[in-house]
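Okay, got some structures for you below.
You will see chain A twice below: alongside chain B first, and alongside chain C after that.
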Partner chain A sequence: MAEEITIQVGFGDQFHDLTVRLQDGDIPPWQPDQPLDVVGQRKPRLDAVAKVTGTAKFSQDQRPDRLIHGRILRSPHGNAEILAVDLTAARKMPGVRAALTVPDTFEDSSARYAGAEVAAIAADTEQQADAAMRAIQVDYQLKEHCVTIDASMAEGAPQVGRGDQENVQRVSPRTRGRRRGQNSNPDADRQVVEQMARREKEVDAILAGSDSVVEGTFRTQVQTHAPLETHGAVCSWEDGRLVCWASTQATFGFRGEMTSDWGQVKAGECRVLSEYVGGGFGSKFSAGREGVIGALLAKEAAVPVKMMLDRAGEQTSAGNRPDSLQKMRMGVNKDGIIQALQIRSWGTPGSGIGGAGAHNDGIYKLGEIDKVEYGVRTNCGGAKAHRAPGWPQGSVALEQMMDMAAHSIGGLDPIEFRKRNDDHPIRGAEYDIARQRIGWDLPRVRGGAAPICRGVGIASNLWFSAGGGGASVLVRISKDGAVEVRNGAQDIGTGTRTVMAMVAAEELGITLEMVSTRIGDTNDPQGPMSGGSTTIGTLTPAARLAAHHAKKELLAVVAERKGWDPADLDLRKAKVIRNDGSDTGLSFKDACSLMDDDAIEVLKARPRRNYAGFSDTNAGVQAAEVEVDMETGVVRVKKMVAVADAGKLINPMTAESQVRGGVIQGVSFALHERRIMDRHKGRMLNDDLENYKILGSVDCPEIDVVLIDVYNGKSNTQVMGLGEPPIVATAAAVANAVADAIGVRVFELPITPRRVLEAIALQETPVVQPKKKGARL
Partner chain B sequence: MRQFKVALPNSIEQASALQKSVDVPFIAGGTDLLARIKEYIDTPDLVVDLKRIEGLGEITSTGQGIRIGALVTMDDVATNRLVAEGFPALVETIGNAATPQIRNMATIGGNICQKPRCWYLRHEGYSCAKNGGSGCWAREGENEFHAIFGNQVCAVTHPSNMAPVLVAYGASIEIQSSESKSSDGTLEKRQVEAEQFFLTPEQDPTREVALKPGEIVTAVLLPAKNRTDQWSYAEAREKQSFDWAQASVTVLYQRGGRSGDHRVILGAVSPAPLRRADLEEIIGSRALDADCIQALQEKIGEGAHPLSQNGYKVPMLRGLMAKAIRNLNGEKKEG
Partner chain C sequence: MDKRAEESPEGVSRRHFLKGAGAAAAVVTVAKIPSVVDAGHEVSDDPVILGPGSIPITLKVNGVSREIEAPPSTTLLDMLREYHRLTGTKRVCDRGSCGACTVLLDGRIVDSCSMLAIDAVGREITTVEGIGTPQNLTDLQQAFVEKDALQCGFCTPGMVVSCTALLNQNPTPDRDQIRQGIAGNICRCGTYQNIIEAVEHASRKGGK
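The block that comes next holds the complex of A and B.
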C-alpha cells in the first residue's frame, strides 16, 4: 500500500532529496519546482470585510429570542472558605429566573483567591442581574493570603494550599512514582535529591573550569491574556438539546466539558458554535466554570442565557502567563563556546503547583545543564497556557545571559556568539537577515550625555509543531459548481478559514473566490483545538487530501460522460485540462454540472504521522531597536525585525499577520503588561484595561516581517505552526536593546520608566562588590 | 450597572436646584461618571444631565480674554482658533489626553471636576479618607503611580493633564448656583481662580474642587495672553496611547520678567496641581542655561515624600524640568 517517493526539502538555495513512505493514502507534498496558483499568494482573509464592518457575529453578539443575562459573584477576599451561600433574597429580586451556588454545583467551597467564583444568577436585564448578584448573602471564613511569590516564599508565610502542601514545591526534576492522593514518596524523593546534588557538583566543576562565568537574576511578571472578547458563552436549550455559542479555542473540547458530569448533557445533545472568536491566546481551551454555569442557568430559566465574563472576571480569573524568578550562571570559554548553564527558577501557577515553568534552555547548544524548577503557590487566579507557554519568560532570562556572556569574553558580537552556539539549519541564515535589516552595525548614541539613547538587541525563536492526526475535513463540490470545505474546529483569528479554502482551491485547480469554508460547528467533522500552533498543520493536510479525492471523483464523472481517459485529466485555472496541459474546453462549472447527484462529498482524515522532513523545528530571529529617554526612563520600541519561518507558507499575508500579532503582544509584555496585586486585601488592582496597560496603536513599532518559505516535507502541505513562535524572542530582544542603549541592564520585566530610572541611578552610584570571575554585564 | 433616574433640566437654575447633596451628580460627557456608576463606586438614584442647558457650549472672546463654556468638548477646545492663538499649551496637553473617542465626549467642565484615578478609590470595599472613611491604602500599599507631594492624608494624583496648564495661565472657574441670585432674579456668577479651585486633601479629602452642593461650573475663563509669554509642557508616561501622565512640568515664562511673572506647575505628582513659587523664583530674571536647569533640578524634589514604589518620580521630574527649559529655549521638541 505505502508508496515510497523521493521529495526535495529545504529553503533558499539549500535543498536535498528525502525519501518518504506515504501513509494512509496520502499524496506527496508540493515540490519546489511545482507551479502553484493559489498557495503562496497573499490573500486577504475571507472574513476581513465581515469583521471590519461588524457583520461577523461573535459569541458576544448572539441575541437569541428571550435572551437573559448571567452574572457570577466572585469572592472579594484574598483567601477564604465559603461557609454558606444564601440565595433566598437574590431569588426574590425583580427579573431573576435562575441561580446557583458554586459549593453546591462544583462541590468546591474554597475561595482561594479574590475573584474565585461563589455563586451565579440570571435575570431578564443586565441591571437586574447586577442588582440580584449583590443581594446574594455569603458567609466567608477569612484566611491570610500571599499574593506574590516573594510573600509566599518568605519565612513564616501563611500556607496557601491544603493538608501538607508546601508553598514552594519542586516541579522539575520530578519525583516519579508518586501515587495519587499521596503527597510524598520519600524513597523516590531521596533518590532525586541525590541525583540533583551530583548534577550540581558536576556543573559547578565545569563552570569553575570555564574561562568566564556570568550570573544573573531575572524576573518576569504575570501577564493576563486580555482578549477583546471575554470568556463565556450564550447557552440555549432547544428541545432538551444544548446549543452554546462559545468564545473558545476548542469547540470539541468545550462540548466535551459540557457533556461531563458538571454540564449534565449527553454528547449527542450538545452543539457548540464558534464562527468568530474575539481573541484566543491559550486560555480558551476549556468551557470553564462560566461555560457550565451558563448552561445550568439556561436550563433552570428555560430561556437562553448570555454568560460572558465581565472585564474584571476576565482579568482575575480567566488565566494568565505565570511570573518567573530565574537565577542563572553560565560558563563560556574564550572561543565563544558555552560550557554549562545552571538554572534555578520559580513561578506561580496560582494556588496549584504545575505549569509555571520557564522554558529557558531550549534554543541554543548550552553545554551541560543543571536545572531545578519550583512552583510557588499563591492566592491568585490560576495560570493557563499563554501564547508559547513558558517560552517568552525563559527567553528573557537566557537571551540576556547570552549577551552578558558574549560581553564577558572580550565583547564578542552578540550575533556571532549566538551563531557559535546554534546549529539550527534555518536560523543561521536568519541572523544575517535580521542583522542587516535592523541596521545592527550602524553607529548609535549609546548612554552618555544625550537624553535619548538608541540601542539594538537580538534574540531567537523556536517552535516544533507540524500538526498531527485527529482531524477530518469534508470537501463538498455541488452540481452548481459551489465548493465548500467543512470542519468543526474554530478560527481564532489566525486565518484558518482562509487557508483551508486556499489549499482546497489549489488542489481543485480553481480560484479562492470559488471556495467557501464552514468552520466552528461541532456538527461538522472533528477538528483540533487551537493550541501549540497546530491548527493549520493539522487541518490543511486533511483538506488537501479530501479535495484531492473529490477532484478524482469529479474527473471520473467527466471521463465517463465524455468518454475520456480519467488518468489523462486534471483541473487547473478552473478548467478541465489534459496531462500535457492542453485545455479540454470544459470549465470547472460545466464539469460539475455533469454530475448525476447533487454533490460530491469526500471526508478525509489527516494522516496520523508526520514525515521526517527537513527540520523538526522552525526557527526565527527577532531584532529590536529602541529609544530610551535617560531623563524620564520612558522606552519606545522604534522597530522590530521579525524573521520567521513556518514550513511552507500557504498565505504569506495571514502568516505575516500572525508574526505582527506576536511581536505586538511581546513588546507589550516587555514594556507594559503586568498584574498588580494589592498586599492588603489580596485583590488585583488593575483588573481593567485602564491600569492593565497594553501596547496601543500609537506605541506600536515599525514591524518588518521577513518570511522564509521552507519546503519542510513534514506533511502534504508542509505547514509548521506560527501562532506562538513570534512571541518567544520579542521581549528578550527588547530587553537586550534597552541594555545596549542605556549601558545598564534592567533585570525585571516590564521595563517601565520606574525600573529604567532605578537602574540608571544604581549605575551612577556603583556599589563596591567582591569581584567575581567574569561577573559583569 | 445600577438603575438610576436622569433629570434633563433646561436651565442652570433648575439643574442647580436638583442637586441637594453630593449624592446627586451632574453629568455632561459622562466619560468618568458612567464608568464609576458601572463599577458601583458611585450609586446615585438621580443624575442631572446638563447637556440641554443652552449657552454652555461656546468659546467666546470677552475682551479680557476668552470664555470656554463648561460643555465644550475637549476636542473642540483643542481645535479652537482662539485657544490655539492665545493658549497653545492647552492644545498641547489636550492632544496628549486619553483617546480621540474620549476627547469627543468629555467636556472641559467635566475634566476639571473628574475624580482621581486611584485604584483603591475605584474598587469597591476600600474605605479611605477620600470616600468618607479614614486612612490611605496606597501609602503602605501599591503606590507606583501615586503622589509624592502632599500625600500624607491621601496619596491620589490629580488626573487632569489640562489642570496644571489652567493654573499656569491664571484661569478662573465660573460657578453658578440657584442659591445665589442677584436682585433682578438672575443667577450670580462666582469666580474662583484655578489655583484655589483645586483642593488639597488637607483642605478636604472628600472633595477635589471648591464646589458646594448646587454649584455648577459654567465656564472656564482665560485672561488675555501676555504677548511676551513663552510656554513649555513636558510630561512622561509609559504609553503614548491612552495613558495617564506619571509626572508633568508646565512652565509659563515671561521674557524679561521677574520671578513673580513666571509660572512653574507640576502635574501628576500631587493631589492637586502643584504651583512651585520656589522654582519660579530660581528662573527669576536669569538666563535659561545649564546652570539654571541644574539649580531647578536640585530644588524640584524639595518637599517630596516618596512612598515605597514612587521615588522614581523625583528623577523623572528633574528630567522633565530640564526638557521644559530646553523647550523654552526653542531646542528640538522632546518628551
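The block that comes next holds the complex of A and C.
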C-alpha cells in the first residue's frame, strides 16, 4: 500500500512541507532535523589505501596464467577501403598465437579515418606482437578525406558517408518516421522544414522588436577523454565461458554487448569484472571493437589475452568531445529580460552524424528559441559521450552571449542580468556566494589597461541526475557481525563504492569501518552504468532499502530471543537501542551472534520512479578570476569558485573532489586541450600526452568549492550525481573572465596566447555588435 | 622544469637507443657498460653485444635482488610489471610524458618506461610497493588517504613516488615547490589540489 507522508524539502534556511506518496515498500527520506552519524561526514574512500600502495589491481594489471598480448593494426590513411588483408606472413612470426582481420570479423571493410581498426594479432610478448604487426600485408584503396568541419562543409567536398548520406545533416529538429537506411523521409521532412521556417520567422520578428540584439559566432575544439587507463580488457576463456577484466564504466553494458550477436558470446557465458577502473569520463560505456577482438583472439589462442589499447589508439579511436561552430543572436529588452535566442550549430562526431549538438537549453529563461543543429561527417575518430556531452560547448557560447547582452543594455552587471533571467530555486543563492568568494566587486586593472590585466567571469551549471530504476543491492549481515554490501556496478573513481557503504552503515546504525563492499562483478546484483551522473542516485536508494530490511530482520531476531518488542528497537552507534534512545546494553555484534542462521541476506531493488520533489535539476554557479599578459597573450586562471549542489550530500569530501575534477577538466578545455589534425595526411598529430596538452599541477588554479546540501525529496536518499554538472560552466566562466580582463572577446577555444594576441591586435570583434535588424544567421 | 633524469648515467637511454638502432629491429642491444649481469664486474672498453634472446638481468627492487631472464631491450617499466610482477607502477603514455611509471633510482625519480632495465642494474630501485604497505602506510600515503588525493587511482602510484622523492629532498616544500615536484605527473581526474594539501599535511607531520 502506498503510504502518504509529509516531508520537509529545501536547503539553507528555506524549507517547506511536501506531501509524498511513498512507493510500495519504500522508506521516507532523511529529514533536515534528523541526526545522521555517517552520511554527511567527510570519509576517506574505502579503496584509498589500495590505491596509494599500488595494490589496487586494474584491468591493465590482471595477469592470469599463460597471458599473451594483443595488438590492433590501425589504418594510417585519412580515408581508405580495405581491399585485402593478408595474415599469412604474420601468423608465421615468432610467438604469434592468433590473428584476425576487421573486414572478416565485423563485415566492415571501410577504414574511414586514420586509426580505424584493420587487423589484430596476439603473441606471447608485446614485442613479438609488434613485430608480427609489421608483417601484415594490407591492400588499401585510398580515398579523399575531410578532417575538419570546414573542409567537410565546403562546396565540392568529398563525400564522407555512404549511399545518399550527405556530409552535413540536420539532427535537430529531427524528422520523425525516417526509414532505416534512408537519409530522409521526404514527406515528414518537408513538414519539419516548413515548421522550422515558421519558427525562424517568428523569432526574427521578436528579435527585430527587441531593444537590443547581440550576435556572435563561437567555436570550440575536439577534446579527447584521455583516461589514464586505456580502453580494453584482459579476456580469458575458462571452461567455455568468457571472463573479461574490463576497463569499463558499465560492467553490465559490457557483458550485454559481448553476449549480443556482435560480441559472439552466448548469453549467460560472459562475466565482467571491474574492481578498479582508471577513469572513463564517458568514453567507456561500450565493449568496443577492442573488447570483441580480445575475446576472439583469446578463443583462437586458447589462452588469456590482454587487449588494452596503446596511447595512440586511445587518442585517435577511443572517443572525444565533438567540436562546435555556433552562431547565435539574442534579443534583450532594456529591463534586462531576454526576448529570444536564435541558434545554428554544427559539430562533427566523426563519420557518423548524431551526438555533436551543443546544449544549453534550460540554463536560463531564454524567451522564444529557434534552434537548428547540424551534424557534420568527417574522416575522424568517432565521438563518445564526454562528461556532460554537448554542455560545456553550448555553455561557452551562451554564457558569452549573456555577457554581451548585459553589456549592450547600458552595461548591466552580468550577475544581475543572469538573476533576472533565472528561476532555478537553488541558483539564486549560489550567485551571491560566488560573487562574494571570487571578489567580484573588488577593483582590478582590467579591459587591457595595463601589461597584466585581471578579469572575472561567471557562468551557470545545469544537470538532471536524481537517478532511476535498474539497480538492486544485496546487504549481508553475518553471524560474526561482518556486513557486506554488494552490487555489480563499477567505481570509475567517483567514490561510488564508498557512498554505497556509507548509506548502508547509516541505515544499520554502525560505523563505515564495519562495512565492506564488493563491486564490479556481473555475478553480483544488477547495477547502473557510471553515466549521466545517475549512478549514486540510482544505487543509494537500493542500498538504503536493503540495509533497512536487513536491520528489520536482525531486530526481529533480537526481539524474539530477548522477548522484546521489535517495534521498540533500532540500531545506532553500533548498539541496539530503544525508540526513546536508551541503550539495551546489546552491541551490534552481540545482536548478530543471536542469529540461528549464518547470515541475513536482503536483496532490494530501487523504487523505479522518483518523487516530484523540490528541484528536478542540479544548479551550480562558477566564477573565474584570470590574469592575462597583454604582451604574450598568456592566460592564467588564478582562482575558480565553484558553488555546487547535488541533492543530499553523502560524502562532502568525495563530492568536493568531483567538483574540483570537473573544474580542472573545464579549465584544461578552455585553455589547452585540442585534437590537431593534419589536413593533408588526415592523421591526428598529437595522439600522445606531450603534444596533447592536459592541465598540469603548475597551471592548476586554486579551486574554492562550496557545496549546498539540498533535501530534494526525490528518493529515499535524495542524492543527485555530481560528475557532470561541475564541468558545464567552467570554460564559459574562464572565457568571460578573459574578455573582462582584456576588453575584447576571444570567440574560439582553446584560448591560446596567439588567439589572445590576435584579438587584442585586431579588435575587430567588439564586445557589443551593432544591432542589425533582420540579419539572418 | 621537471627535474627527472633525462638519460641514464651510462648514456644509453631508450630514446637514443631506438634512434640509433632504427625503429624496425629493436631487438639487439649494443651497450658500452661494465656488465649488465654483474654490476661489480671490471670495466671493459669493448662493446658488449646483448640479445636478441633473453639474458639474465639482476635488479635490486625494493631492497631485494633478483635475477630474471628477459630480452635486453626490455624497459625498466616492463621488467617491473611483467617479470617482477609489481603492477603498482603504471603504463600510461609509454614515452616519458605523464609520470605514471615514476620509480626511484638511487632515490631520484625516473620514468621507468623510458629507460632500459639493463641500465638499472646495480642501482637501488624503489617502486610504490616499496614505499609503504597497506598495513604500514607512510605519513605521506596516510595524508593522501585523508585528503582524498586520488580519484580513479591510476596516476596515484606515480604521484606517491614523486611526492616521496620531493619530501626526501625538501622536507618542508612550499605550495609552488610541491606543484613543481609533481609537474611531470599528469592526473586526468583532477586531484592536484588535494595532492598539494596532502603533501603539506605530511610535511607538517614531519614524515615522508
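Convention: the second predicted complex is superposed on the first by the 760 of 777 C-alpha atoms of A that agree within 3 Å, B and C clash if a C-alpha of one lies under 4 Å from a C-alpha of the other, contacts with A are read in each partner's own complex, and residues count from 1 in each chain.
Throughout what follows, a contact is a pair of C-beta atoms (placed from the backbone, for glycine too) under 8 Å apart; a residue touches a chain by one contact, two chains touch by 3 or more.
What you see is a predicted model, and the numbers here were worked out from it, not measured in a lab.
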item: Dominant contact partner of chain A by residue count, chain C or chain B; value: C
item: Contacts of A:V277 with chain B and chain C, given as first, second, both or neither; value: second
item: Partner chain in contact with A:V52 - chain B first, chain C second, else both or neither; value: second
item: First, second, both or neither for A:R63, with chain B first and chain C second; value: second
item: Partner chain(s) touched by A:L757 [first = chain B, second = chain C, both, neither]; value: first
item: Touched partner set for A:Q127, first chain B, second chain C, both or neither; value: both
item: Touched partner set for A:S75, first chain B, second chain C, both or neither; value: neither
item: Partner chain(s) touched by A:R683 [first = chain B, second = chain C, both, neither]; value: first
item: First, second, both or neither for A:V698, with chain B first and chain C second; value: both
item: Chain B versus chain C as contact partner of A:G661, first or second or both or neither; value: second
item: Those residues of chain A which chain B touches in one complex and chain C touches in the other; value: 126-127, 134, 690, 696-698
item: Of all residues in chain A, those that touch chain C in their complex; value: 44-45, 47-58, 60-61, 63, 125-127, 134, 226-229, 276-279, 281, 310-311, 492-495, 653-654, 656-657, 660-665, 688-690, 694, 696-698, 700, 702-703
item: Residues on chain B engaged by chain A in the complex (per definition of touch); value: 1-3, 40, 117, 119-120, 123-126, 137, 140-142, 144-145, 236-243, 246-247, 309-310, 312, 315-316, 318-320, 322-323, 334-335
item: Interfacial residue positions of chain C with respect to chain A in the complex; value: 24, 26-27, 71, 73, 78, 81, 85-95, 97-98, 100, 127-129, 131-134, 137, 141, 144-146, 148, 150-157, 160, 178-180, 182-183, 185-196
item: Contact set on chain A toward chain B in their complex; value: 76, 126-127, 130-131, 134, 451-452, 629-634, 636, 671-672, 676-681, 683, 685-686, 690-691, 693, 695-699, 752-754, 757-758, 760-761
